[in-house]
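Should a chain be cited, it is by its letter among A, B, C and D, assigned in written order, with residues numbered from 1 in that chain.
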């Protein structure tokens, strides 16, 4: 079984890599297996994790016994979950063409709740904290910073400031304002360059990991 | 009845009122907190002469933890004078609790050097008093007992008051500009390059007789980027319905599928063409990131869309999608708020909406004054941020370098305003 | 309501986000049924009409049914090592997803070869930043710049780029995004933005 | 020979190659290794062929995508067999993670959240192993959990690996007392939020099904205030960003993180802001951390391949730009 499993892994891995050469039946077969398995995987996971563990166990909790066989208190059924169940049921109404429109309700609930929930979280940690932390003494406390850091601090201040100018919607990018916005773009570009560099790094690491599987785990050429 | 997506609702003043009531009322209703004092004598255990006795801890204070739902009591004390690193007699502390004047129960054991403990196993409506014993190798010395204290629940987290005020200022600015715009005042909003091209991109697909592909990212409806993408979809689908072009939207989340269908349907109805809509425009593939990408790639190669919209939350798949779209010669308009994926969109797509521009897009495309107003509100937020950064850096630098006190005070004030702790 | 709960630690507000998370999870579990049925419908149509590539559609259906039946029949502990579901996950699903992820390594190289050109000043900046980060982050960078004094080598430059200009850009983007989200959320809450719902 | 025949031949060769080496593995052959000389010769050959491509490009012949693919494959695969020494420079953000760990007294409780799945494991698994190794070596108590369904499985893999180390084995660590795996919990960022008030409500049992209150290590852990240090290994959503927003901003947790390289740049503002105490970025971060903790694992081993791959990508960017400037001069047109 172990041999078969390793060969299956090798077969699927090479099947996907073969796409680099061109689209071919080997790849298509692998892709079909992949799509089917992954769709099914999520159905199963959602069923057990969300529906069963959350809803079913929440509303009808197991009777938990301790070692002496006595009932442990503290696992009360949570009837609020039924609201979720009803919303889910409304979602399934989609299947019946006549009452399909009712699925808008759970959707509206999700959209509204999402909007409300994120509003304040993003505001607090993305705006407030970031502003607070851009405010640092340029020369470090008591002139302790090195030249590297001083230049850096100035760069952070200027970069954040001009970057925000770029996102300003109320004013056309012209004249001095346009100039500042352009500096802002430069900073954005450096940011993108840096994250591009890191992305290359990341992808290569994953590729290395995969190649290691092929030559190491599968063929045993690397120990 | 389905309504036009841009119908106005005359209820905003009412909404405002509700918002403010909910925000402000709790501010006014002040919460009371009580601090228990150490005033009742404990009964010291008289030790045998052979025992090593450590001095008891002093100044034991039990206080309610503020700004919670009455779930925690904070204990603090000054460690025993025999609690020293070298030759210390104290080997630890035991914290005891008396519930409603019942029997003392040990609730925890702490290492030497401890001077505080948070008791989180308390319930509202009960009275608790505490004492702490200093442990030596063979004896226990209890401290005096605290006065009974009840954990309190508070109505408002005052530590977050500044966040509330800032949020109100920003929310107020957005609402103010929306109101201003509604009264018919013209507001200027600069051009956003990617969005100017939307009409042209749709027109091109119509001319070429090829479909338009819309990818709303791979996150579910609980992400604001997906919301933004769907609102943009609403505008785009409206134009598409007018042009009578085909749109195809493969998605990776079942909820997005449902929402996408609703959106397109609404737009087609608004354009007066409900007959041209079909559910097949939106299909679900799989939740799995790369399974989805593999399938979308196939669709791109087979259908050869003339225009591809990649708007929403993208992860690693951004590159594969943008590259494949590029290779089939489609005009691509992309936008995401995920900085890691933006470089690839910038490289491989014709137009890219960067970060905030994605959220501004639906307002901008709608061309409605009200929506434009909300963009103005965002600008106010940015202006405040910029001003705070500018003033903050200047004052903190000057204040620190030359020790000017009043300037330092400004800095402290600013920092407090923007603190979230 | 969720705005309020951030500030008020009191029942029922402190429970609200819990409820939302639970309800959302339950709705998701129901919604995926819709999605899966949709996928099956399309695949079955393909097979019945014998469209090109219908053989692969059969594979999709078979593998979907296989894992679903196994997963549902194995009960609550379906994820534990030793179950058939776990076997499928480890030996079929994992190699596929890992390889799809790894294939990006190739794509990233060809994309940089094809698309990253010093077209103008902005593009050049992007390229340079990418260059220094890429070379400075691996040991080879310090081998090349080994002649420089300690502290001024490529790895230090890469760190400097990451810590300063990069942070500035990220920060501007972050603040912008957050404001955009606040404003979008407000539009939704106030009911100005209702493109996603077909009327009420 | 037709293309079809060539393809079939190539397939057959791949199959034969795999079969031979697989049988070899079963029979217990030695690993293939290049000596330093051979390695240098290989590097030289690759460099020469790259130069040749550059010359071709200057003369106006663009290489196609598949050649790029081939080079990437070579750059990644061959160094795995090489023996070369390398110097690893420690970046400040990695050092910060290590220093915070060093300050923790013995017996401190460390919460590690495994928020990734096997596809990201090449980057994050080495970090996880090195981190656990450090914790076990210095007698820190480790509580593990996952916001991704596959996270806890990765945790188990890492533990297995670390526990097999001689030094750690001799410590005789006990499950439930020295470390515990609470398992996966669905609900994304809400899990963190709820853990803020009560761990037990989110993890009624550990992954083995033992009730929370019966596990000695965690029975007194009510919420984040009983945790001395949090570490998060993340490859996307939910991940470090959510931990920062909720655990750090709301509950004041001390948080360090290990991220995939893709995510890492976005975490720098959090780090400068002090919301994160340190950051391991990608496999390079893992290698540096391995160096600090003296747990030499795959991160270090893969570093040569990593260097090579970067050089190849840069080489092709240069080649692409040469082609671009050449065509621009000729036609005088911008694309």
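Following the convention adopted for this analysis, a residue touches a chain if its C-beta (ideal position, glycine included) is under 8 Å from a C-beta of that chain, and two chains touch if they have at least 3 such contacts.
Values in this document were obtained by computation on a predicted structure and should not be read as measured data.
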Dominant interface by contact count, named by its two chains: A-C
Chain B and chain C, separation of their C-alpha mean positions in angstrom: 18
Geometric centre distance via CA averages, chain C-chain A, whole Å: 4
Separation of chain B from chain D, taking each centre as the mean of its C-alpha atoms, in whole Å: 28
Inter-centroid spacing, chain B versus chain A (mean Cα positions, whole Å): 15
Residue numbers of chain A (touch at least two other chains): 20, 31, 34-35, 38-39, 41-42, 45, 49-50, 53-54, 91, 94, 104, 107, 110-111, 113-115, 118-125, 127, 129-132, 134, 156-157, 160, 164, 167, 188, 191-196, 198-201, 203-204, 206-207, 209-211
Per-residue overlap in chain D, given as positions that touch at least 2 other chains: 69, 72-73, 76, 119-121, 149, 186, 188, 197, 249, 262, 265-266, 269, 272, 282, 284, 306, 309-310, 313
Residue list for chain B, restricted to those that touch at least two other chains: 163, 167, 170, 222, 224, 227, 255, 258-259, 262, 285-288, 290-291, 294, 316, 339-340, 343-344, 346, 354-356, 360, 375, 378, 381-382, 385, 420
Topology of the chain contact graph, where touching chains are joined (line, ring, star, complete, other): complete
Touching residues (chain side chain D, partner chain C) in the complex: 65, 68-69, 71-73, 76, 86-89, 91-93, 117-121, 149, 153, 186-188, 190-191, 193-194, 197, 265-266, 268-269, 272, 282, 284, 303, 306-314, 316-317, 319-321, 324-325, 334-335
Residues of chain A that touch chain B when the two form their complex: 23, 31, 34-35, 38-39, 41-42, 91, 94, 103-104, 107, 110-111, 113-115, 118-120, 122-125, 127-129, 131-132, 134-139, 141-143, 157, 160-161, 164-165, 167-173, 188, 191-193, 195-196, 198-199, 203
Of all residues in chain C, those that touch chain B in their complex: 3-4, 6-11, 14, 24, 27-28, 31-36, 38-39, 42, 96-97, 100-101, 104, 107-108, 110-112, 115-116, 126, 130, 169-170, 173, 175-177, 179-188, 190-200
In the complex, chain C residues that touch chain A: 1-3, 6, 15, 17, 19-20, 22-37, 39, 53, 56-57, 59-68, 71-72, 76, 78, 85, 87-109, 112, 116, 121-123, 125-134, 137-138, 156, 160-179, 181-182, 184-186, 188-189, 196-198, 200
Partner chain D, residues of chain B touching it in the complex: 71, 108, 111, 118, 120-121, 219, 222, 315-316, 339-340, 420-421
